[in-house]
Amino acid sequence: MKVFALLTVIITGVMLVYGAEDFPKWGDPYQPGSVHVSPRYTQGTYTEAGTPNIVTSVVADYRGYDTMGETTVIFTAGMACILMLRKKKRGEGESNV
Amino acid sequence: MTYEHFAVLIVIVPLMSAFVVALLGWFKRWACYPLTLAALFVSFICSLGILNTVISKGTIHYHLGGWEPPWGIEYVVDYLNGFMLVMLSFIALVVAIYSKKSIEQEIPERLVPYYSIFLLLVTGLIGITVTGDLFNVFVFLEIASLAAYALIAVGEDGAPMAAFNYVIMGTIGACFYYLGIGYVYIVTGSLNMADLSQILPNLYHNKAVLVGFALFTVGIAVKMGLFPLHVWLPDSYTYAPSVTSAVIAPMFTKVMAYLMVRIFFTLFNPHFSIDLIPITQILTWVAAGGIIAGSILAIAQTDLKRMLAYSSIANIGYIVLGIGLANRMGLTGSLLHILNHAFMKGTLFLVAGGIMYKMGMRDITQFRGLHKKMPFTMAAFTIAALSMIGIPPTGGFFSKFYLVLGAIDARQWAFIVVLLTSSLLNAVYFFRIIENAYLEPPVTAYATDGGTHEEIKRDELPLSMLIPTLILAAGVVLLGIFNERIIAFIIRFAVPASF
Amino acid sequence: MFEYIVSKYNYWVYIFLMMLGLYGMIGKKNLVKKLIGMNIFQVAIILFYISIGSKVGASIPILTAEDLHGMADPVKYMNPLPHVLMLTAIVVGIATTGVALGIIIMVYNRYKTLAEDEILEIRKKSGV
Amino acid sequence: MEIVYSIKPLLAVLVSLIAAPLILLTGEKHKNVREFWTILAALIKFSVVVSMIPLITDGKIIEYTILPIIPGVPLQLRVEPFGMIFALLSSTLWIATSFYSIGYMRGLNEHAQTRYFFGFAMCMSAAIGIAFSANLLTLFVFYEILTISTWPLVVHKETQEAVMGGRKYLFYTLTAGTLILFSTAMLYNLTGTLDFRAGGFLAGHGSPAIQTLLLITLILGFGVKGGIMPMHEWLPTAMVAPTPVSALLHAVAVVKAGVFGCLRVILFIFGPKLLGDLGLWLPLAYFVSFTILAAGLLALGQDHLKRRLAFSTVNCLSIMVLGAALLSKSSITGGILHMAFHGFMKITLFFCAGAIYVKTHKEYVSQLDGLGRQMPLTFAAFTIGAMGLAGVPPVNGFISKWYLCLGAMESKEIVFLFILLTSALLDVAFFFPIIYKAFFKKPLDDVKPHFDEAPMFMVVPLVVTAVMAVILGVYPDAFFRFFNITALAVNNILGVS
């Protein structure tokens, strides 16, 4: 198992390093990730979404739907814990949290 | 009201109902079941509306919050996910109808959160299917996964351990997937699938894109249980509560298969996935290995649900094989198999659940005389089993037929042999059960004089479980008979035009 | 060559962390250690995303007063999108950890141990 | 050729398909109602099929398209002379078998009769479907339904032996199914159509190597049900089934479906011209000739009456295929006629074996001494059937064999004439000892000296089929105009108007 894990890790790692070769320079303000979609957020945040905090405007407005999904994830996790750890009403010997 | 709103309603209705079920269930437990049904029914109606709109007006684009893509999140429904949506919501509805008695028997004290999570699972799966945004896929993928972990963990004895393995493997899969998004994002700057499909062709030789693609593929392969990354699957399906198996087996892996098609042929174009990198070829061989290994392992099992789980692995092999063949016939077969397999595996797991419900066991060597006890259930089982083997006119035959056609088109003789051999292997493990259930004279356990043959009383499932089983079984046959209609009206347009 | 390695040292660190986590998830025998591996993996990915968003010489993504109504120059502010994505991913990571811990509690209640091979032993004995 | 669109062929298929669930739902409690469904369906089916004869003899074709099933290939039924013969044969004999089954099942007080009659009805639907299929895919659909619905009949007794027989049966037939599936897909890929055309449609598509491969896979695929050696293994094993099933298997539905498929392949997919050009007919003819002789010799060694009959069936089936493979006008006529006539003779023989079993529980040839005195009607019918198979006039077998021999000479391969004659001699060698024992040997102790026949439900059908065999021998165009229709079919295939 250990050997197998090590092998997996090495292969994955090599793959990731290989892919990183074509990454843009770190911190380059004109890297593709920063010029295509995100400038709109910076420029429009106050006029379109009404807040100077760009992250807030993206979280709550531009990509608000993701955030709804995110809250749902939390809700799911909560319900999951209730589902899994709920005390059995007549269960015996089941110590629970 | 325009029909476009259906695209978002189909997700929101079960989502909101999940909250309502959790709250209301605290006071009125009986309300959970009808509420769940109502929500899923609305979802189903919406999916029909969506498919109808897609057929009559073309692809639906729905901009959430009014932000146009690529800045906002967009829902895109075309033929491909249109038919997936109908399938998902229909099977969810049918399984939900079935669920009442089974859950009341297996986990009565956890009924309220169970239904809530059940709805969340459906929400997640539908969300993955409708969205046109890579990261949104990840969010809904996590909703569905977390729901699935929990639904599995509340099963019988081995379930928590199975669920934990699933968590680890599932998280690896999901992490690979969103690491893949990162690798693509860093060189493109976009998350919208349609936008990316415009940008990516210029970057096809970029190493980050190549690795991103590989990460997507591996991540999704883990999530759908493609051999040899299937290790989490058999235990999970086996120990989960019957209803959970019946909803996860037909739906979760199919949605992942859909995602794979989406990424291979929409996000990246077929030219990239087929010609530039040999990923489809590798996939076909992996899938062929999965078909054979899954079938052989299935033969080795005596536990019905575990056997079905291995058979699922083989069938995922079929679907991926069709994707990997990367021609019109192969992909048609693959998409058709997604549909057919969802119906037949659904039927089989519902039957397995029914047998658990009535007999409390699922060891296939003890199935003697089951046809007398539960004639209709076994009839449904037989139909689904014949479909798995590939006997016309059931659906399974036609998807296999298209896959064989695809293999012939690709001149891949080895895969034809694999496909044909596997249907014989399927015959071995399904006829073993049919034989047991229909033929061997039932020997009653409490007979004192060494097994007298006692007349077995008919003891059929309650109607709320029997009818959904029979509906799915009928679906298996109808899908077969009307497969050409489905292909002509829907799947034909779901296959990329360049094929 | 050396310069190339140095110029992207941040990525090498994340990849190292990711692999550390991945190794923990696959190679470790203790369920909680697996879980810790999972967290390391996720956090490494989060770091990776954050580093995508960085711009040399840029400030935090909150508009200063003079930029509110004009067209702000994106170069002056960090790329907000990866931050947003990671907010979501952090939450998802926590939720996953929570569910996994819940499952671990169930496992512990059942087997009274968290070592995978011991659990396998017990299961073999009980014939499941 | 004029095409008439009519729902009749679909009706013929559906009648028993509707009867099947009715039988299942009626169940054991209302035995007589259940049997009523069987008989009613048999009679309706028969009259529907017969009502189509005039149109066919007028040189018309009846077509009904059910629905498209894959792009370019509909699920389609077409009644043309060749299929009509098979349909007539099976629908006629189904009536006889239905009555006989009722007598047999009640006579032996068998279990699971409902399942039995259900399987039976399904089989008949499939058989008629096969007969009327307009294309290979439709044929395959019904062919697989036939495979599956025969299985419960094979394992009917539920003993270890029956279950093993069932497994063997499934193994052989499902493997064959996959071969046909492959060939169907391959043909579709090559030609884009699967529509049967008299004289073949494959010519001009694909290389000779692929065509040869297709011929091999198709003949192997259909040959399994058709009992061509070495794929015949399942047939004698499947003899554990109740006798009416054996009769159905061996005379009417299953094996005939295999042979029918082979003939379809030879005459309607490849066509005589292509096979002649490729030079494949000769190897094919030798291949089946081997079966003819080997099965005849093996039959000699069987003491179990039904197994002996089974090997005789294997022998006859290959004779039919040989007729088609020789590609001459007379031999094809002989092959098709033999397909029809053999049904009447073989079913008589099996009915006799069943009647003997029900009455005396005897299964072996060596136990039959003197039984002819107790059951004269049965053994008279047996004699007629045996004579027919050996090709003795005036039974109908003589006519088909006559044409086959003519055909062998027409095709200038005298070897096959000798093979046919040898096989007739072998028929004599393995049937006549039985007749001799029954009528002329000193009766065994347990034989009653006076007339004591099996139930009337059984004796009447077997006498009727025997008499029909004789009438068809004297006047082959009697009843259903078999001869006329065969001539039409052959003309279509060879392209003579």
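Read from first to last, the chains carry the letters A, B, C and D; within each, the first residue is number 1.
One rule holds in what follows: a contact is a pair of C-beta atoms (placed from the backbone, for glycine too) under 8 Å apart; a residue touches a chain by one contact, two chains touch by 3 or more.
Please read all numbers here as calculations on a predicted model, not as lab measurements.
> A-C or B-C: which has the larger count of contacting C-beta pairs?
By the number of C-beta pairs in contact, the winner is A-C.
> Could you grab the centroid distance between subunit A and subunit C? Build each centroid from C-alpha atoms only and quote it in angstrom.
9
> In whole angstrom, what separates the CA-based centres of subunit C and subunit D?
Between these chains, centre-to-centre, one finds 70 Å.
> Suppose each chain is reduced to the average of its Cα coordinates; what separation in Å results between subunit B and subunit C?
Those two chain centres are 28 Å apart.
> Do you know which subunit C residues sit against two or more other chains?
As it turns out, subunit C has residues touching two or more other chains at 18, 22, 26, 52, 81-82, 85, 88, 92, 95-96, 99, 102-103, 106.
> What parts of subunit A, by residue number, touch at least two of the other chains?
Correct list: 16, 20, 23, 31, 33-35, 37-38, 41, 63, 66, 69-70, 73, 76-77, 80-81, 84.
> On the basis of the stated criterion, which chains touch which? Give every pair.
A-B, A-C, B-C, B-D
> Under the stated contact criterion, what part of subunit B meets subunit D in this complex?
Against subunit D, subunit B makes touches at 386, 389-393, 397-398, 400-402, 404-405, 408-409, 416, 420-421, 423-424, 427, 431, 435, 438-441, 481-485, 487-488.
> Help me check something: in the complex, which residues belonging to subunit B touch subunit A?
Touching subunit A from subunit B are residues 15, 18-19, 22, 64-65, 67, 70-73, 109-110, 113-114, 116-117, 120, 123-124, 127, 135-136, 139-140, 142-143, 146-147, 149-151, 153-154, 160, 179, 183, 185-191, 199, 206-212, 214-215.
> Please give the residue numbers of subunit D that touch subunit B in the complex, ascending.
67-71, 140-141, 144-145, 147-148, 152, 155, 158, 163, 166-167, 170-171, 174-175, 177-179, 181-182, 184-186, 188-189
> Taking the touch rule as given, give the residues of subunit B at its contact with subunit C in the complex, in rising order.
On the subunit B side, the touching residues are 135, 138-139, 142, 145-146, 149-150, 153, 157-158, 160-161, 163-164, 167-168, 171-172, 175, 178-179, 182, 185-186, 191.
> Which of the residues in subunit C end up touching subunit B in this complex?
Residues of subunit C touching subunit B: 18, 22, 25-26, 31, 34, 38, 41-42, 45, 48-49, 52, 81-82, 85, 88-89, 92, 95-96, 99-100, 102-104, 106-107, 110-111, 119, 123, 126, 128.
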